[in-house]
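In this document, chain identifiers A, B and C correspond to the written order of the chains, with residue numbering beginning at 1 in each.
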Amino acid sequence: MQWFNVILQGVLIGGLYAMFAAGLSLIFGVMRLVNIAHGDLIVLAAYISLMVVQSLDVDPLTSLVFVVPAMAAIGYLLQRGLLNRTLGDDLLPPLLVTFGLSIIIQNGLLELFTADSRRLQAGPIEVETFQLAPGVWIGALPLIQFAVAVAVIAGLQGLFYRTALGRAFRATSDDQPVAQLMGLDTRHVFAMAMALSLAVIAIAGVFLAVRTNFDPAIGPARLIFGFEAVIIGGLGSMWGTLAGGIILGVAQAVGAQVDPGWQLLAGHLVFLAILAVRPQGLFPKVSG
Amino acid sequence: MPDEALLDVKAIDAFYGDFQALFSVSISVRTGQVVAVIGANGAGKSTLLKSIAGLMHPHSGEILFDGKPTAGLPAFDMLGRGVALVPEGRRLFPSLTVEENLLIGGQMRRPGPWTLARVYELFPALAERRNLPAPALSGGQQQMAAIGRALMANPRLLLCDEISLGLAPVVVRDIYTQLPRIVAEGLSLIIVEQDIVQALRAANHVYCLQEGRVALHGPAGGLTRETISAAYFGA
Amino acid sequence: MSRVEHATRSSRVGIVVIAVAVAGLALAPFWGDRQTLRLLAEMFTFVALASLWNLLAGYAGLVSVGQQAFVGFGGYLLFALAILWDVHPIAAVFIAGPIGALLAVPVAALIFRLRGAYFAIGTWVVAEVFRLLASQISVLGGGSGISLPASVVIAMAPTRQMREFETYWLALALTIAIFSAIIALLRSRHGLALTAIRDNELTAQSNGIDVARIKLIVYVLTAFGTSMIGALIFLQKLRISPDTAFSVNDWTAFVIFITVIGGIGRVEGPVIGTIVFFVLRQMLADLGSLYLLMMGAVAIIVMLWAPKGLWGLMAERFGWQALPLQRHLVLGKETGGKS
């Protein structure tokens, strides 16, 4: 039973990892950009939530009302103002510019908030648990987070395949010049994709802030978790990303149970194993 | 029919890097006209269309659409003004279904007669395959879809870049029989073709390009095979 | 007879300048104080690290944000060899190279399955794995690290001054060796292939260049050099811990900054970049994290508006070349039918 609980915890945190991953793979799918600052943006969202919570005296979940639009706006401006300039055939500029961005965000947050560890309080819901079966307890908050993660991924799927914006994303990703011929302003399409990615990051960031202690330096690890979830699950598939996140979460949970120092290592080793044995991921989408 | 030109291209030069593809090329299209641009491979026909559609920008010269200068405007702007290109090689979006490809064409919501229903009426083969991914279609069907996609933007000027390329003659004939219906709705056409016979049959006016220059132009009926060959090959 | 020449007029001047500079630096223990020697040695190691990163990213197109894996590996190997197996520390520096290269082979087998930016993050994951594994090794201090025991330190040289001279000269010699090896590689046939890959990978491939094999070779050679430098760095520091050994900031962020500012894809770039970096560091040292923030901003600005870096700007503007690396064809006089 103890192992069942461990795995359950792993599954639930896998939802959070899947959200980290969803924003990353969305951007890669639409414009072949990998945002090295992705993890730091998650942390930025957590700090924005902190500011909102402190100044308006609301709870973290309510702060989403402000954080999500704020991050989306930041994403739009960031893409339109800076990152659109890096797109092209050369691989170095987007990589190095987003790496520079990562350093800027980390150190900017360090200057503004110091290296102190923070945590957001969600209130009584944090300690609510209920019993699924004899000996199996599940926390209300992790369950809600998982449900939201699934909803976000379902929402992204729906958006991509059933809306005009999703069509615009897919068309631009397929063939940028022809998309322009069809009247799509690709600068705007890319900026909308980044705005959407940052909106997802906002939700993930607030959930992270409630769940664990955060400080300016934890961004890169979140990037790595998101990246590992994408690779394990398989490029191009949102639901695969969810599966990847869950597998990563479970691997870490099992590793932590064996020895607390092994938590992160277990996740990395599972990732490397998948890379060795099935590099296309477990559920890759056949392109086309 | 108004006599001033819908499209007036005046002495444009176009370059790919250091390579000059067009030398002082001028063409004009009146409303309701079908203009054919013929010429050998590399003569500059596609370059001309790309320059009109906004995918390339001429280094000198002017392009006037509906009396307004448009040289240098981006492609998505040109679509908004009513210029749609059916690109060489079809270039449908492979991740999208047939219907989604058509819908993308229409996402600018320009007013006009062309709707999804009308396009399906024009090309029934597309209606039967509306939910298939675009790559699943045959060459001829893809060409129909590419034309339909451009029509969905309700353009006033339709640019067709080598729509016969890689298609069987009977399929090409099929597509060309629909062109008069398109023109009847008030569209003007520029068709770039290597298939001279089809081009001459469909067009009112013909331009022949040779190594980036206009070697010959005139009403389609008034040109003999000899004058065309001479202009085409530069003999 | 026609032949390919590498030198230009400016590169001939460059060679002389460099020779004089190297001679001066070799004599530094006699004109410089302890602080200066430490600073110079630190600069040498960064020139070496940046040159290696430049080879990987600027020529082979492999952008790694995980080279700290080999820096840390070299450091830990040195400590392990010296502490656990009584190997002389300087010998350990040279052993670190081939062992690091051997390690690079299975690592490459894994991460070469990733492309582009995903490859970059993959290198980061590998570095993280190394860091986590290092914290598990209790005989080398586990998570808090370990200092080099006095017995090992004494084994290097009887006095502290002699030890510092030794490590200084070792740093200089190693940096020159690595730099020269890179130049030799670039002047060779393989170097021509690398320049082709740098300019256009797809075309290089279609011209028969075995791109995959060359990338692997470059990755392994880079690991060789990086591991040795890593061993040297921690020999100088006399102390190692997982966080310092595998620090992204120290061994990747600074290195990338140096290479970008100096000029990616040009051999002279890392030298210029290192000088600029250290000047900035002296000027802005008091600013703490603001300094890093500015560094990031400068890197972005340079990447977007001067992507060839400082040396690239100068090279394009004035046609300068400090080192004979160009290839131009010198047409010889035609001789008659007989030679």
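Just so it is clear, a residue touches a chain if its C-beta (ideal position, glycine included) is under 8 Å from a C-beta of that chain, and two chains touch if they have at least 3 such contacts.
Since the structure is predicted, the reported quantities are computational estimates derived from the model, not experimental observations.
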Subunit B to subunit C, fewest steps along touching chains: 2
Chain whose Cα mean lies nearest the overall Cα mean: A
Between the pairs A-C and A-B, the one where more C-beta pairs touch: A-C
Length of the line joining the C-alpha centres of subunit B and subunit C, rounded to whole Å: 55
Rounded Å distance between subunit A and subunit C, as computed from the means of their C-alpha atoms: 34
Distance between the centres, which are taken as Cα means, of subunit B and subunit A, whole angstrom: 44
Touching two or more other chains - residue numbers and ranges from subunit B: none
Parts of subunit B lying in touch with subunit A, wherever the complex brings them together: 53, 55, 74-76, 79-80, 84-85, 87, 91, 93-96, 100, 103-105, 107-108, 133, 135, 149, 153
Residues of subunit A that touch subunit B when the two form their complex: 164, 167-168, 170-171, 173-175, 177-186, 287-288
Residues of subunit A touching subunit C in the complex: 32-34, 36, 82, 85-86, 91-97, 99-104, 106-108, 110-111, 220, 223-224, 227-228, 231, 261, 264-265, 268-269, 271-272, 275-276, 279
Residue ranges of subunit C in contact with subunit A within the complex: 57, 61, 63, 65, 109-111, 113-114, 116-118, 120-122, 124-126, 128-129, 132-133, 135-136, 143, 248, 253, 256, 260, 264, 288-290, 292-293, 295-297, 299-300, 303-304, 307
